[in-house]
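What follows is a pair of complexes built around chain A, which joins chain B in one and chain C in the other.
Coming up: the complex of A and B.
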């Protein structure tokens, strides 16, 4: 259980999560059209079992954020870093790191876009987990 | 005019990380005279990848811009070739990670290329051959997070960036931004710069990297290509050379008879450093961002070891519309956060033991 929290990336885990992490794939209930990020068998809204994959989009706004000064193991050299609650254009909220800006530059309502980054590196196996993070939108 | 080819550039895109470190900051750390280094290398600052960026992530960002311009659905791409000398894995392809991140079909040809700084144009060359022989649409990428040993002259110049191009044959019937009409390669066994398997930083033969390596290959490739095409330096609106520093491309241009005006958009090294496999290709991205229909472009790469690829391109009417579809490279070059030497050491993962 502890390993899970430390984000140690086993090969099957990296492989299994790659689609969601690489392309920010979410899900939508075919019946009531409610979108959600984490895969579900039953729609939490209408209880339908008809769930399909959707792209959640590459843009959103910062709903809330915090700055991490005491990071978990494996992220020591990244601190201080910003973790934000991002509301995507499809209405789904996801948590992700906000990069390419200083902590004092982040504010609620900041428009962000997806950036493909290294999420974690396994020190034992050297396996790299890639995935989405967010950066301030470039105009 | 023999050896004429006809490959369309359907889209192009470049990406440079946000962080920069100046030559002054590095020289201050080592107690050196910044003016000496700025004059010697002809550059002001270089791009620095963040701790969570590598050649794979930079390539994905460049490809996303390229796909917007090409207006090609990722599932239509039939080939992906990546040139880099800073592969994230020694054994595991970068191209498959990029393909998966972009949503490409599994039914594609895919490979990673290596030829020092020429790996990017090598990917372009192989992709050209693929679309000519097999049809379809191909993706060619040059990407690097270049390494420079602390206190070595390379530390002042080794930058990071990626450039991507989507190519199609004349049968693909898509709007073309530019046509690649001629290509010539010139290679010899020249030990000017190398990195052995397992070594963290490359070694170089200092001044030997000049005349027998860079200038010999660059000038030979450019001259032979122009002779094949039947053009003179004055026929080109834009010329792009590989730019390991700010001085070499200017000298190569002078040796061949080009003037500074022709290098205006393709010379980026003073702002982002030497981006290795992405180097001359980022120059081409910048030129395409600024070129007009009818412009002729000469692109000459160089890779240590050593070799040069030269390309003759002609800009098409379709470029005007495509320019508006995605962010120009200039946006990424001007978006920057300057860092201290301490922050640079952390971002380049030099703190890891």
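Coming up: the complex of A and C.
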């Protein structure tokens, strides 16, 4: 089958982004102390260039969620799947799949914890992207 | 604005992207004649993906017989059309050009739906959103759940908005979905990204629209039907929704609106028709609130009281909006502006609103990462 070049995963990209995805590393502005998750060279709040990495912890709550029934090609295998907008303890928000539960078990405010999983597999290259997903907190 | 060309939004299996662009140009020429064109802006989001074509703007200029005319493609997600007109407006305002052509053209039906979904997911952050399987619809679904949860909004308010849009589209010969729907049909429609149902979402569409912008002097030479662009503004917001303090505020829209009102020197109460970016029903609600035409969390009350219906004092999307006219992404903004031009020149036929003087047009890209706002006025 001819490879759809536009959709093929890039090994350098997956490698470059793996640290943040594996360890849920976030960032904090050394000047104004604003925490954030999207890696940047300029603080979105005070425009300082002094930014350091921080650990974001493994726990959060569901701010909002959706169940995807019309997935992109790459995620058809997983469909339907749950995606959450998760607020972590440090106050930053992340997007991630919610697993190990049924859609009807997910509610806004549900406490979740990080689970290390396969996020996607590329059919053409065989490249596997690992990273964070979230599951209901196990006490 | 001195003239337009249109084709009905739909599934044009037998027409290529370049063919759609050429057809609306010929339609424009049939109205205004073979006029001088100094520059072409082409708004097309997926030219490279759907039609494997970079440099689509010079290709189209060549096909239109516009020898040596400079041509540039504008990509601003599904705000490409509005942003292309914004750029065209600036180039005329600069004094460099008298006559600039904008052509929006998009083909969304070249591939199966899952590929089109994958293409649209590229409107999200490619590092923090789409790699997790989030889609454009999914992002609006996150907004909708939070909105319904926060303001206890009854579901039928979204349904009624969709019903209203379909009702309007019946009278628009250029609309894709020219059939009425009922609330029952809305509730029965399948879920695409919970809580979004199929009838919350704009369809997958092909389409093209052309708009001619001119200086006032040149416009008077070539056309009897002129519409003034009183304001043309654009603004951006935090790209990813995870970076926004609230996912229920469309700050690119409120910022662009603020600038447009001050540029045009008009007040909200002077606006007679709203043309808004209802790619999803929740997008319509949040847009109306961010534009300041309804209060936060109160839009459902206005919608359920027919405050925005076509025969009200403030009609919203009299041509059916993205929901029912259709949403050929990169071309959508041009459709919105052309339909508003038709309203102001009295050419809108069966979807004509009586005697509008000022129309506000909002065209948003992705999840609100960018918005173009135009205020158009009849020239007395």
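One rule holds for everything that comes next: the second predicted complex is superposed on the first by the 131 of 139 C-alpha atoms of A that agree within 3 Å, B and C clash if a C-alpha of one lies under 4 Å from a C-alpha of the other, contacts with A are read in each partner's own complex, and residues count from 1 in each chain.
Here is the rule we go by: a residue touches a chain if its C-beta (ideal position, glycine included) is under 8 Å from a C-beta of that chain, and two chains touch if they have at least 3 such contacts.
Computed from a predicted model, the values in this text were never measured in an experiment.
Student: Aligned on chain A, chain B and chain C: do they clash or fit?
Tutor: The answer is fit.
Student: Tell me the contact category for A:108 with respect to chain B and chain C: first, second, both or neither.
Tutor: It touches chain C, and chain B stays clear.
Student: Is A:41 contacted by the first partner chain B, the second partner chain C, both or neither?
Tutor: The answer is neither, since A:41 touches no partner chain.
Student: Is A:78 in contact with chain B, with chain C, with both, or with neither (first, second, both, neither)?
Tutor: Both partners, chain B and chain C.
Student: Of the partners chain B and chain C, which touch A:119 in the superposed model: first, second, both, neither?
Tutor: both
Student: Once the structures are superposed on A, label A:23 by its partner contacts, choosing first (chain B), second (chain C), both or neither.
Tutor: first
Student: Please state, to the nearest 10 degrees, the angle that the Cα centres of chain B and chain C subtend at the Cα centre of chain A after superposition.
Tutor: Here the answer is 150 degrees.
Student: In the superposed model, which partner reaches more residues of chain A, chain B or chain C?
Tutor: C
Student: Rounded to the nearest Å, state the minimum C-alpha distance from chain B to chain C in the superposed three-chain model.
Tutor: 12 Å.
Student: Of all the chain A residues, which ones make contact with chain B and with chain C?
Tutor: Residues 78, 97, 119 of chain A touch both chain B and chain C.
Student: Sort out for me which residues of chain C touch chain A in the complex.
Tutor: Against chain A, chain C makes touches at 48-49, 113-115, 117-118, 121, 125, 127-135, 137-138, 141-143, 145-146, 149, 190-196, 238-243, 247.
Student: How about chain A: which of its residues touch chain C in the complex?
Tutor: It comes out as residues 4, 6-7, 17, 36-39, 44, 63-76, 78, 81, 83, 85, 92-97, 103, 108, 119-120, 129, 131.
Student: Under the stated contact criterion, what part of chain A meets chain B in this complex?
Tutor: Against chain B, the touching part of chain A is residues 18-19, 22-23, 77-78, 97, 99-100, 102, 115-119, 126, 128, 130, 133, 135, 138-139.
Student: Looking at the complex, which residues from chain B come into contact with chain A?
Tutor: The touching residues are 18, 50-54, 56-57, 60-61, 64, 88-89, 97, 100-101, 103, 327, 331-332, 335, 337, 346, 349, 351-352.
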